[in-house]
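Notes to accompany the following structure.
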Amino acid sequence: MDSHASLFQEGFHWMLLARTLEEKIAALYHAGKIVGGVYLGRGQEAFSASMALCLEKGRDIFAPLIRDQAGRMAFGEPMIDTARTYLGSALGPMRGRDGNIHRGRPSKGMPAMISHLGAMIAVVCGMLKARQFQGQSGTVGATCIGDGGTSTGAFHEAMNMASVERLPLVIAVANNQFAYSTPTDRQYGCRDLVDRAAGYGVEGYVVDGTDLEACLEVFTKAVSRARAGHGPQMVVGNLLRLCGHGAHDDGSYIPDELKATDLGRDCLKLARQRMLNKNWATLSELEMMEAEASEAVQQAVAQAQRDPLPDPAQESWQPISSTWLMETMTNSPFHTDSKRA
Amino acid sequence: MDSHASLFQEGFHWMLLARTLEEKIAALYHAGKIVGGVYLGRGQEAFSASMALCLEKGRDIFAPLIRDQAGRMAFGEPMIDTARTYLGSALGPMRGRDGNIHRGRPSKGMPAMISHLGAMIAVVCGMLKARQFQGQSGTVGATCIGDGGTSTGAFHEAMNMASVERLPLVIAVANNQFAYSTPTDRQYGCRDLVDRAAGYGVEGYVVDGTDLEACLEVFTKAVSRARAGHGPQMVVGNLLRLCGHGAHDDGSYIPDELKATDLGRDCLKLARQRMLNKNWATLSELEMMEAEASEAVQQAVAQAQRDPLPDPAQESWQPISSTWLMETMTNSPFHTDSKRA
Amino acid sequence: MSITYLEAIREAQARALREDPNVFIYGQDIARFGGAFKATKNLAREFPGRVLDSPISEDAMMGLAVGAAIEGMRPIVEMQFADFSSIAFNQIVNQAATHYWRTGIPCPLVVRLPSGGTAGSGPFHSQSMESLYAHYPGLIVLTPATVGDAYWMLLEAITLNDPVIFCEHKFLYYHLKADELPDERLPIGKARIVRHGKHASVVTYSAMLHESLRAADELAKLGYEIEVVDLRSIKPMDTDTILASVARTGRLLAVGEAFPWGGVTAEVVSRVVAEGFHLLDAPPKRLNARDTPIPYHPNLWAAHRPTAATIAEALRELLGF
Amino acid sequence: MSITYLEAIREAQARALREDPNVFIYGQDIARFGGAFKATKNLAREFPGRVLDSPISEDAMMGLAVGAAIEGMRPIVEMQFADFSSIAFNQIVNQAATHYWRTGIPCPLVVRLPSGGTAGSGPFHSQSMESLYAHYPGLIVLTPATVGDAYWMLLEAITLNDPVIFCEHKFLYYHLKADELPDERLPIGKARIVRHGKHASVVTYSAMLHESLRAADELAKLGYEIEVVDLRSIKPMDTDTILASVARTGRLLAVGEAFPWGGVTAEVVSRVVAEGFHLLDAPPKRLNARDTPIPYHPNLWAAHRPTAATIAEALRELLGF
């Protein structure tokens, strides 16, 4: 089997795992087992996984956003990190301090997003700048943004800065036609978001975000051009969010006509069909994969559910790493005035 | 004489007045008579005056930036406002509370800029939106930004918003090749700033900012298209700042080679020559105009210098207009705890 | 026929839209969708063209509001969460807040900030930013704690000729109900004695009012009568009412949900000791959230912010246990 | 061979660049031009590629610094004026300040804020923003008032594994000179008793230290010995040194140049009364700038911020005149 096929298969694998895991997370949410928001990448798995698959783990940087479960997994984030963060386990990467999609492992090249849209792009720029300073110039940094997130000043400042510094940044713009409930005509006035690329002096691409093969192709190109020193790359993927904004939202404002267009195709179904058509897997092999995915998800969730929860009494409540400065930092421990450490 | 000629002459008139006034302001600064910054529009008068001349006073909105002395005058700001604000007169529009280019008369359609670059664009959007609500849809709002100011998130958010709301906004981007000391290659990575227009879905124009005639032409077009409902318009003027960033700065970092290019031509000299060549004025008429400009400037400055200065004892020190809430606003008047009003 | 704190906010906006053609609302997902919390539910339909979805551009949203305000409109800006107003910070404190003082032209607008913590919301959807805005000159900062205040203060805020930061508490949105909208309205700038007492005064605001009232119930079981003062508006701050309360009780505990350094509780304590030092029988105390980001997990969150239990504990200390 | 406060800041950066290859500086006009105030003069030449001009993008500047910091670099960000950090506010308080607590990975960076008022600088080039940053958890906020502190504290700040907001005072840049760099260095987190006294304590920081010392001279003529405490670092705040001073004098005046609502002086007063109530012989007082934007004209500006004269007046009041 050629490398093209194996890349596709790998992509399908992560898409399937991500979808399976997120369905479980959504079910936990609806069962009241998850507190706070749940954000799903349904319909965006091909686009997200492709970007991450084109990166080199252990070398490159990937800063996922809210719909990048597939990309996270493809980049090496273990399933248990997701489960633990959603369930607030004390053993997860965020130790119950932060939740859901606000997770990462910066030491593995995956920063932990803050909520404020657009804010991670400049952080990736800084990580890349650090690599430049440290003489590791081949590193590529990839990150994502939604159609809505492109309206932030943070997006603009960071894109422009990446261009001025000629950083090997790849930005994936997932145009899923909505920002929460807001359709694109209330979000931007340009013909296509890719038209922004020229304004930053970066190379731009448009891709059908529902087509795994096309996504893999475009990200392969963008990542290799970034790595080769051609500066920032912007890939706009057109697709549709196949769910609400969060698990709390039924997305009923998404018109049926839009769902019926090519944008509304389910990338996972398409990829599955392609696996069959190309004879990259038989139906029973696919069913086996699906069963394995369910099993892996069950295990991860079960493990996270057995984990200890964060214990306020064990918490250090220490916002800075310079421990010796804590004494005078605030006049608590009990956060009242009168008792000091 | 045709309207084309008379517009040119009017432009020249304001350019000359602005240059003359600013030279006086700079002299006052160097004589220690002005405290704080002095920012000059030297070399940008043609671009600035043209934009304002194409607006309808009393109807349109003009939000000038730091190098728009010429545009301000062309839009109707009296010279005495400039002199008073620089000299801190209690009678000026800012009453000594704010200074130099941080002045305006919002009730005359000219908001008073804050320093933070890019921040005025959204304000103009809001003023235009108000006019829409109030049924005055023919109003155009114009404002300026520098090459440096285009790197702000505020610029991006406001441009995008103007496009989404299809506001009749005209933005003049004065690319004077420097932001303070920073050359354009450390400011942006695109080929030309006009390439940003398509990214917002707005109409874009490039003009030789040293050429009054060309500037008048392009702004006439942009303003009329905005007024006719074609949405925001972006005009990029290429020119050179023919002075330091402020009067404190000798601009010695501007390379001589750049000064020697077409960008470095003095728009006022060019316009003056054109006046002669076209027989729109004789040499002695020009000299008369110059003498009159000097005389007018002397008078305005002399008047402002005779003005009362702000008196802290007369100040209301009232940050809000709801006077009845002031009592409990802070625990001053003497800004200590113990004496309350 | 009961009404929630959230519905009161919606009703106040509906009334303002009805009564003043200059009012409009601008914010993310507020039109057809009715807002992330449904504070503008149906308003876009009832008032076509006056409730508008904005792009995700908090800086420009505020800039637009300022421009519209100085041209005679009365914009209401809904931030999706208070935390995102950090992006609009510059336009709020430097543009809106300075406009009247610099130019003499008022800048009447209201920024609605869904504020404060709820379980599972984490560091970026839980913040209480009132102290930041109160620090800057030129802003009025309101923190309604009751259904009636949510309604009447918002209505009054919209009529004020100054920029108002209206801090709504997300926890109260659904949890707080009244049987009907009270007719009683106290003007902006006045604090309210919510519970009378004589042994100690708790001065607080927003969601912490309700925790404090529960703590007062606890202390009542021990025979202590705790007076509870709701600031309602943190800028202006009604020092006279606070002082009068401390004069009655001799003891002060200032309680807030925000971060502990500086802010409302420090301002309350500083005002009281400056003018009412002689009234105090014990050192005045503060109780705030802990000095870390706001944690996601409910276990941690409950230990991060003050609660009835920790307020009661602080009161017992204050009363000399 | 004298050295100014500004030169001390330049020298500290030069030394940090020399001693640690991970240090770099990012800011507007700081490379060839040496910065608006010349705090990086010649550094770009001495350390090629490590002192970089940034676009006018304060948000992205801070974001870049955070990214570089978590990858092992030690960025210094120069804001051209403190006031423009309002644009970087989100990245500072939500990204830099929360990073260690959320992820366990430290975020070592220094944001240099040219702060405070000078004549003619007006509302947008004069602000003192320390209280805003101190309110948020996760930041260390330093406010050096002397040439030695400008040097040693900046050097130490660069070595700290946490984000530091370094508030330099623009008025001191040129006005403050020392004969040479003092060897004496006090660690970050300790306040300094600058002048010993017994009748009242002035607790202050940054440029107000020097106004306070002049006020103390005035009071000395009347026979009063005023103790003057320089906070140096407002977060952490050295409550012990403040309390020890108040224990000696029985009277407290907290002086700051920032806006009056909340902030440093309220925090000082609140800490002192909580733990040292019994030490006080008179109500503690605050003196801050007025509650309006900072005026442009020198006449107004001089009346807006505290000065030796108004500090002396407040002291006379405090002493019972």
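To keep things simple, chains are lettered A, B, C and D as they appear, and every chain counts its residues starting from 1.
Following the convention adopted for this analysis, a contact is a pair of C-beta atoms (placed from the backbone, for glycine too) under 8 Å apart; a residue touches a chain by one contact, two chains touch by 3 or more.
Predicted model only: the values in this text are computed from it and were never measured.
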Farthest chain (mean CA position) relative to chain C = B
Rounded Å distance, chain B centre to chain D centre (Cα mean) = 34
Chain A and chain D have mean C-alpha positions lying a whole-number Å distance apart equal to 39
Between chain C and chain D, centroid-to-centroid distance (C-alpha), Å | 30
Chain D touches at least 2 other chains through residues 54-55, 57, 59-60, 83, 86-87, 90, 94, 97-98, 101-102, 123-124, 137-138, 235, 261, 270, 274-275, 283, 285-286, 290-293
Shared-interface residues of chain B (touching two or more other chains) are 94, 97-98, 102, 114-116, 151-154, 157, 160-161, 164, 186-188, 318-319, 329, 331, 337-338
Among line, ring, star, complete and other, which best matches the way these chains touch?
-> complete
Chain D residues touching chain C - in the complex, by the definition given at the top | 83, 86-87, 89-90, 93-94, 97-98, 101-102, 123-124, 131-132, 134-138, 235, 258-259, 261-267, 269-270, 273-275, 277-278, 280, 282-286, 290-293
Seen from chain B, its contact residues with chain D in the complex are 34-37, 88, 94, 96-100, 102, 114-117, 148-149, 151-154, 179-182, 186-188, 253, 309-313, 315, 317-319, 329-332, 334-338
The residues of chain D that touch chain A in their complex are 22, 24, 50, 54-55, 57-73, 75, 90-91, 94-95, 97-98, 100-103, 105-106, 137-138, 140, 160-162, 188-189, 235-240, 270-271, 274-275
Sort out for me which residues of chain A touch chain D in the complex.
-> 93-94, 97-98, 102, 104-107, 111-112, 114-116, 119-131, 133-134, 153-154, 157-158, 160-161, 164, 318-322, 324-329, 331, 337-338, 340
Counting only contacts in the complex, chain C reaches chain A at residues 28-29, 32-33, 36, 53-57, 59-60, 81, 83-84, 86-87, 119-125, 260-261, 283, 285-293, 295-300, 302-304, 306, 310, 313-314, 317
